[in-house]
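Chain IDs A, B, C and D follow the sequence of writing; residue 1 opens each chain.
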């Protein structure tokens, strides 16, 4: 008997458990998208109005899709950044600080260098991304060189970031009025503002990094088995450092889109990004213990969270119910997209 | 007031303090003796002046701070003389910071404070009275807490009755809507007093406009980004039914404006509150119909000034009438017609105030309903 | 003395060094009354950190504590008139139940505690908003003093709040070090699979750990509510991150099984010293948060015992 | 070709390597044996660059070299196949093979997956493994993963100019017998490509495969034996410095078991790993489950302990039919489980000796939930003495004990709690001879005390030597039952015949 014939090859089943779990987040998203119009239909039906399910839905419309995408775009960028970190099995909680600093630095530079994209002020865009990357780099250095677990290192770096943004602005908010920059929001192609396309391009870039570059694949290697990767000759520290730097750059892109959406850069620009982005990543099916998931999962996760938020207002849920409903739906989404058989225990 | 009566009153106050305060168990007269002057302390020659507020990300608080700084400069000191305590929206930090500062200054403190949340006012005031410091509060306090229950140490409380002004801006809005259509309200943090009052203002106005429907009211937590998202969801739910927007403050209005801009909607009637410089610009440009200026610069300065002058003994709060201890702050309406004038008077040239004219611009004693 | 022998004492050393630094820069810091007050004031934060220790000790985290405390401030304020001091039991039961739900979602539904507790926290927030009618409520002063006035008295010169904290600390310490439950917690934190293979009911232990952290959150919320004489759905905001930081700085790493409640005492004190140092050393207000972050990194770098992190630092 | 000359390595308090001379020639397979702690793993770490020697020199083809990390060693043609499987399970096979060396497939920053797949196929063909290189590694069997691992090391062939030296650290520990034979066949064929250093606890395998055998003891090489002169006894003698008992498996101590049934399986299936399983375990019996990896042996153990719920049939323990399967029930009925993953499932790393020993029976050492620590310590001291556990005191963290002593702590945990149904999953895996003998001694002692033992043995010899009864399984199905009375024991061939 020969080695090849003995160990043989296993055929993968078409509808394996892995596959079902893999597509569960998308399924959840679709269900949610179909669910909210159902409530609208019920409401109108009870009032005795004509309402064709989906067709007459205000939620299920292109205009609302655009609104959801607008609110999702900055969060998506931040969530993509943290996705890389979570794939490595680490966590990054510094996004609120980094986003604020990048937004503020961008606004200051943009205004100082001309205040319109048609001048040298366009340089403020790459400068902001560089600043984000630098903040991520420092975050990574603190984590790796001081051997502080990423949770604590990034949490503390988040404080530093927010503090730095406050120091820079002294509490002022900076308006970015340039109509060309603001066309991110105001200019629409095929019903969707430019910022949606920008976000999509960066999503593709992230996907490219994840699937076609050594760095991206190394994230998975580190997340799948850090010590093993190290033993295979991988410079794990370098991969980690690059990961945090890359995440910082994506946080910066998120900051730019956030400024583009509101037209204001301030210390509070970064608020709320932490829990939203991490929740989105997890809801999308990227496991907190690393090695599984990716940027498409994150897209689905971010959309789930934003669809829930938008849908709850659209169907007229009272304010106080919304938090709890979000909580319950998040649990449901994570439960459905976790392959329970593959994890021995969860903490 | 006779000497005897005064003494008895003083004793009452002390006993009440003994009951209410005294987390250290050193309340009342005994503590006063032990710690130094305490309640008996008449005057502090050179107290530390501090302002405790929520954060620096809201222009409103920056205005407050600028007032506080203007006041210390009027004393011939540098801006840096003013100590800042920022609570970041945490009542726990607010109280802890005050306690630390009291301990550091040994009670030689004149404190102006917004306690972040109404319930937090009591422990803050009690701690100050305990240490013999002088405190003036702004905005948040519970209805059962009064300066006159604490002798001289709780100098004053200033707040704004937002219901009336909010009602007036609402009327401007409803008129602009032609007295019909649908209005949405984006509120502050739901449990904050101003948020409640401003919504009530709108509701009061709506009584006279039966053809206008209040489509929805959702909290936007004073936050531009949240307001932006809530507004775009409103647009989905109500679409063209929305013909006017009532915002609880200016930062919310910014988010609303951007949500409308994203949809290419122009000329939607909007009113807001606070009168931040940026909002005034927007009023001048006609993008916002009206906002209410509460003169935070003056509020910030005069609150610190009251605490300071009480501390130095320049006036004795317990001898002042109730309307000098609990009073409403000033409100100024800003509409497109007077925006330019307002801008010239209040923003481009910050007026120089007489910080010893404590109650000149104030608006009467606080009424509890 | 070499560094390895010093390691277990690093949190202590950090605390003492920080205290001395602040004290030298501004001797007023050593005023005993002020110090006592400083410590008494952090009791709610400390109790919350104590609860958090249980969640982190088993290798999880509890992000619902702040919202739980918010809910409890409302529950306490709303039901004080009706139940008097018995409202404390309602609060504690509320905390226990919500914590148990977090634990259930984590263990039985396989949702990582980072997400499950966050989500349960949202549910608690909804409850708080509903119950409070989205308003700030205040307690009736007489009722409050009748039922909870004792919290603000002193026993032999020591504030009752501190005594409560001490009692809770003792209970937590006893639970952790002297009981089968504490031993089981350690086993779950250090080697969950071995605990399963030893026949321990690991799910039950974890659910209980989260229930305990919920209970402590409730006690913290109750004390805070009484202290502030009121409640609303945002009252306890700002506690969460500080409580986590306190636990971590004390030397209980997120990996579980190491550290414990005594570490949390030190951690909380370190956090408080850093925070009051800002005021004593007159750090500019706009710089405080940044300084806090930097000092935090230094403190964590000093206090964590990396040899106990076992293997990789994630 | 590759030489270590008087290499020295010291750690605080330990002289791990004492002037070790070591040499390997082109195309040679060199065995490396020694008891735990003899310095084998230190020596290997020096060879593949994880440790830097304190003294002596390393030469390749006469030229002195110095590696500061494994990567530099790899660049000199030295590769390592790890004992613990070192593939990253969430990556594809080809990614694993080229992990850390992806650069060759990258142009303009982009990985060319087709090119990598082709290269990976080439590597896999060296180990005769015909799988899609894009397969996710977790979908492979253990045996397949072992081959992928070897293929990964063989990439050095293309990458490095000189000759290859490949270290195989316990490569057979997770493989079933016939898989081992296939691996050996492959290794012999591969000697035209590389030299091998083979480390194993299984003496027969080392003898079988190696051209020369280095015997280590106490950090020094005590003998180098050529293949033809190698004798198990002689080598073991040198390793342990004493004679190994001929009656290795304590057959003379095997006594007949009683009629009392402890565990009874009647037509049990778990729906996945095994089907229609029926057997009885009696008091005093060692019942051994024999089969290849994946034959369902472990799943049966886990069912008895209560970690898995069967879908069909009935399980009775001491006459009680089990309806709710959980570990607490199992423990309460006297079942003790000694898992294969000793460091992960056996002991709690981070808890001390007495804490580990009472973990399963805390109720006995507490009243009202409060622990009686002095009783615990007394228990621990008693069992430390009974089983001769080498530990400075009862406060020692079990993670810091040697493998054999960890195993003794686990055994003490169950035995001290009165468990009389003991499930042994590879109890001697990774233990040196001395520690193995201790375990065998304990197995006999437990039987004498009236315990019933279900064993999944590390080797077939062990299975034959220890058991009263052998059940052979294949693909989750019962094949054949053998009676193992001393003198009538089945032969290796009998078993293998039914296994494959």
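The rule is simple: a contact is a pair of C-beta atoms (placed from the backbone, for glycine too) under 8 Å apart; a residue touches a chain by one contact, two chains touch by 3 or more.
The structure presented is a predicted model; accordingly, all values stated were derived computationally and were not measured.
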More Cb-Cb contact pairs, comparing B-C against A-D, go to B-C
Where centres are the averaged C-alpha coordinates, which chain has the largest centre distance to chain B?
D
Whole-Å gap separating chain B and chain C, where each centre is the average of the chain's CA atoms:
31
Take the average of all CA coordinates in chain C, do the same for chain D, and state the distance between these two points in whole angstrom.
44
Distance from the mean Cα position of chain D to that of chain B, given in whole angstrom
71
Scan chain D for residues touching two or more other chains and write them down.
none
Residue list for chain B, restricted to those that touch at least two other chains:
56, 190, 219
Going by residue number, chain A touches two or more other chains at 166, 170-171, 319-320
According to the definition already given, which pairs of chains are in contact?
A-B, A-C, A-D, B-C, C-D
In the complex, the residues of chain D that touch chain A are 69-71, 74, 80, 82, 86-91, 95-96, 99-103, 106, 109-111, 113, 127-132, 139-141, 143-144, 147, 152, 178-179, 182-183, 185-186
What does chain D use to touch chain C in their complex?
305-307, 326-328, 330-332, 337, 339, 341, 344-351, 355, 358-360, 362-363, 366, 369-371, 373, 413
Which of the residues in chain C end up touching chain B in this complex?
26, 28-29, 31, 33-38, 40-42, 44-45, 129, 132, 134-138, 141, 145, 149, 152-154, 157, 159, 161, 224-225, 227-239, 242, 272, 275-276, 279-280, 282, 284-286, 288-289
Spell out the part of chain A that touches chain C in their complex, as residue ranges.
88-91, 97, 142-144, 146-153, 155-164, 166-167, 170-171, 226-227, 275, 278-279, 282-283, 288-290, 319-328, 330-331, 334-335, 338, 340, 343-347
Which positions of chain B touch chain C when the two form their complex?
19-26, 35, 56, 83-93, 95-97, 99-106, 117-120, 122-123, 127, 142-144, 189-193, 196, 219
